[in-house]
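Shared chain: subunit A. Partners: subunit B in the first complex, subunit C in the second.
Take a look at the complex of A and B:
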């Protein structure tokens, strides 16, 4: 397949190793660890969907929590207020999130400058305020509680989330490596040239945002169905920022780097449990340090190095074997 | 009717203060400062600490708070923002956002999440044709108008003001004329921080002083500046009036709840109809 052309065998093996490691977690870890890892996988879905839009086109989205929150609340409403099966929440969440992405994306993405980033930020802030103000329907500060569980056991929920993440990454990476993704990256490089080449840049940017929103909304519904609870903190600016930091740590525009960044930072959060009040503080400090010293991130560049090393090793090995 | 006019005027004046600083640093240094709300919150908390813990008289505390926040703004520009200016503009945007969050977190660690009270400078209330207005709101209105007027005089009638205007029109051209653009950027950041802090100090007695108090004003400032045109000071004042009065009318006629949506609706409508805002230059887009 054309779209997979630039992936090497080493990439595929690396991905399989990571998936294998993640699928062993329920066998070796306690209930607690499995719970943390399920949340980490949700973050990974959010981070990779953020990276798809913002990493590829270079249009940073400061309010990804808008999509996550609307997705989660949609799933919550359908389940708690309308009594529908949790499975309906997933497509509905994706659709509502896409709707919001159109409301914000169409007016702002055609403009150059920071409008899109800021409109997303204010959209998320206002939705959070609204979810607290209209507390009769949304449950206010406490949110919606008592969603009926979608899967009985915690382990099956973990595997379901893992499969969802793998599918998300495969789909997003597939699009990113296709000619379609090349156009998105070209928009990041030089928008005016793309326009001159006859590419309808607004169409591509808005559709990229729609795809990103769909996966974020889906991830939000997943999180809601796992936590059995939806609250206004899902619209929080801090959540959007955490996701951005995860992608920055992972390396922008690589998609798999975002997954690594999410797992790494959730791990770090667990390591810093005893300093839980300082957590966001540490996160912002990490962001500032990365902006200054390693603007390309950690995970994706590290993997590129490792891959080169492996390829170099195997090339040397075959040379020695044939000699 | 009269209550809408009076309350709308107070809100608009405070909004104008917030928006003017925000648009100033954008117009001059092209920095979209997401830490602007943090300056506002810092101003309020500085006054709180100075009066409640150190027992400094309120007026002196207010002045000290504004100066401290101005210094903080200058330090932020020098240490954190300037080294990133060579990078894509989003790096600066991320940095200001990081600083804003950091400030909020530090305030949360020191003061906790419960609301703090700052005493009013003017305790008595005034009656305007049947509308009762607290003295602090009246003071906030007059101080805001005075600060805006002072800013206008400063920009129009001093050498430094002329230099700031020159840099905002063409930073490179200004540098050729011997204006130190980098120093102007620092000064403007300090000025913008001071104005935001002044807004925070003025509203602190009738607003709940909490660590996250800067977020909504930031969103409002952003909305006003979009409506008025990014980088235009008259635009931001007109935008503040428009948004302040629309919010007040919606709050009085419908409910306070719906007034929260006004700013985002205004942003979206303006971006659809006229992205440059009322006073922005079209060439910038």
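Take a look at the complex of A and C:
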């Protein structure tokens, strides 16, 4: 592994602390809180998968809901229409989402300009329209209901989602720290220079989108299997935008920042319930303040500071101990 | 045909403008050659054609005995033809050594492994060893040029194209960079083609100059011959009437090259 990209011991300890905190949620929180947190973990999977493609390569994807929605509907169809076990939904959702990523990515990622971003956006919009039009198979506005639950209790669904998130982050972070990640960040820096270094830029961009789509589709199936329902709102532009904002708030290109951004914003939405009808206004104001005054995001830069502080303290401690 | 690079009848039009017009030349292995011409002469376009960033309207390019037309830029690099850009655009947000590691990851050399060690060795060679861990955003223009050369050299090119490597550099930076290029040429046996719009930088560096104007080759010869060539003088004086010395960077009467 490359030395400058490898994790410090402090990073690993930090991750373990966060996982431990998330693990105690079912012990201290109500059913309601556990439900909210399960959804938040799904958002974290979607946000980190967006960050893997767009945060690393800089090619922004304005239609991540395309992958989430196709993944969720794939899981829904297999379960409701074909009667397959909900577990089949996960690999199938990932595969179908990857197919969509190829349909959009191959023609548009080679082009400069906004074509890729717009194609993703329109892809999601078109799929939403189709899911409403073909209501006989898709259930139209109501979507597909009555998926059979994959796990019996809500708490086990929560832990399953948490494990899925941890695996997602480990895999994406591992790739981001490998030479692959170096190449993806170089593409963000300058594509022509990357080609001049002998790198097949299109191959790496398309592969990154495929990986991003696979995890987003998987996350869509996870959400469907938790809600036991899928609907056209999963293709919403608003969902895609929400995910982008989560990554911006978390800090782009770090993967774990996206997770923090998702948890923070879902938490904020819930925390603002006491503002009742002003809730959306306050939420929007806080977002604007963050995006305006902290353009690099909150979570990832904050962790970098904390890590420096911890490393500084432990170095001082070691010095004092050896003196 | 022993030439490393063989260009025949290369032509590129942009709408009504012919940026490169029927250009033919050959480079022998181990040669260090200059391309001279005023701004807009078509030098950068010629490099873009040779490296696959643009497709010519007409003409052929043979490199190491195989045709290059229609081959993607990254494939051309992996066949051993590397280039730098007139405007260097490093990988912002990455360290200096990471910038070079990307070159070590090119399929042509990736199997050699030890990417970071190779990158650091190359940085030592171009005089950037001490700045390996610095963010690239903090480098001076001269250092960026060295970085770009390092990133290309790790792909082990047979032919290196340098697009105005001295442009924008102070006089104190030019001579050390020229010395580096001479050193690389000698120790690696590297074939080099350098673009410059002033002749002065070529005097101690190249044996042969190809002069271009309006997309065409107007003269070929040693720097001392080129500076006296009537069409070169016309190309440089014809523009704005400035004196030749200021535009070429060398006075014809003082021209004494290495040839």
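Methods note: the second predicted complex is superposed on the first by the 300 of 323 C-alpha atoms of A that agree within 3 Å, B and C clash if a C-alpha of one lies under 4 Å from a C-alpha of the other, contacts with A are read in each partner's own complex, and residues count from 1 in each chain.
Operating definition for what follows: a residue touches a chain if its C-beta (ideal position, glycine included) is under 8 Å from a C-beta of that chain, and two chains touch if they have at least 3 such contacts.
Just so it is clear, the model here is predicted, and its values are computed rather than measured.
In the superposition on chain A, A:123 makes contact with subunit B only, not with subunit C. Of the two partner chains, neither subunit B nor subunit C is touched by A:149. In the superposition on chain A, A:267 contacts neither subunit B nor subunit C.
For subunit A, the partner touching the most residues, choosing from subunit B and subunit C, is B.
In the superposition on chain A, A:189 makes contact with subunit C only, while subunit B stays out of contact range.
Of the two partner chains, subunit C is the only one touched by A:200; subunit B is not. When the two complexes are overlaid on their common chain A, residue A:179 makes contact with subunit C while staying clear of subunit B.
Taken together, the two structures place no residue of subunit A in contact with subunit B in one case and with subunit C in the other.
Contact residues on subunit C toward subunit A in their complex (touch as defined above): 51, 53, 72-75, 77-78, 82-85, 88-95, 97-99, 101-103, 105-109, 115-116, 133, 148, 151-152, 155.
Note for the complex: subunit A touches subunit C at residues 2-4, 179, 182-183, 185-186, 188-190, 192-201.
Interface residues of subunit A, counted against subunit B in their complex, comprise 58, 60, 62, 103-104, 107-108, 111-115, 117-119, 121-123, 125-126, 129-130, 133-134, 237-238, 241, 244, 248, 277-278, 280-281, 284-285, 287-288, 291-292, 295.
Subunit B contributes residues 32, 34, 80, 83-84, 87-91, 93-95, 97-99, 101-102, 105-106, 108-109, 215-216, 219, 222-223, 226, 230, 257, 260-261, 263-264, 267-268, 271-272, 275, 284-285 to its touches with subunit A in the complex.
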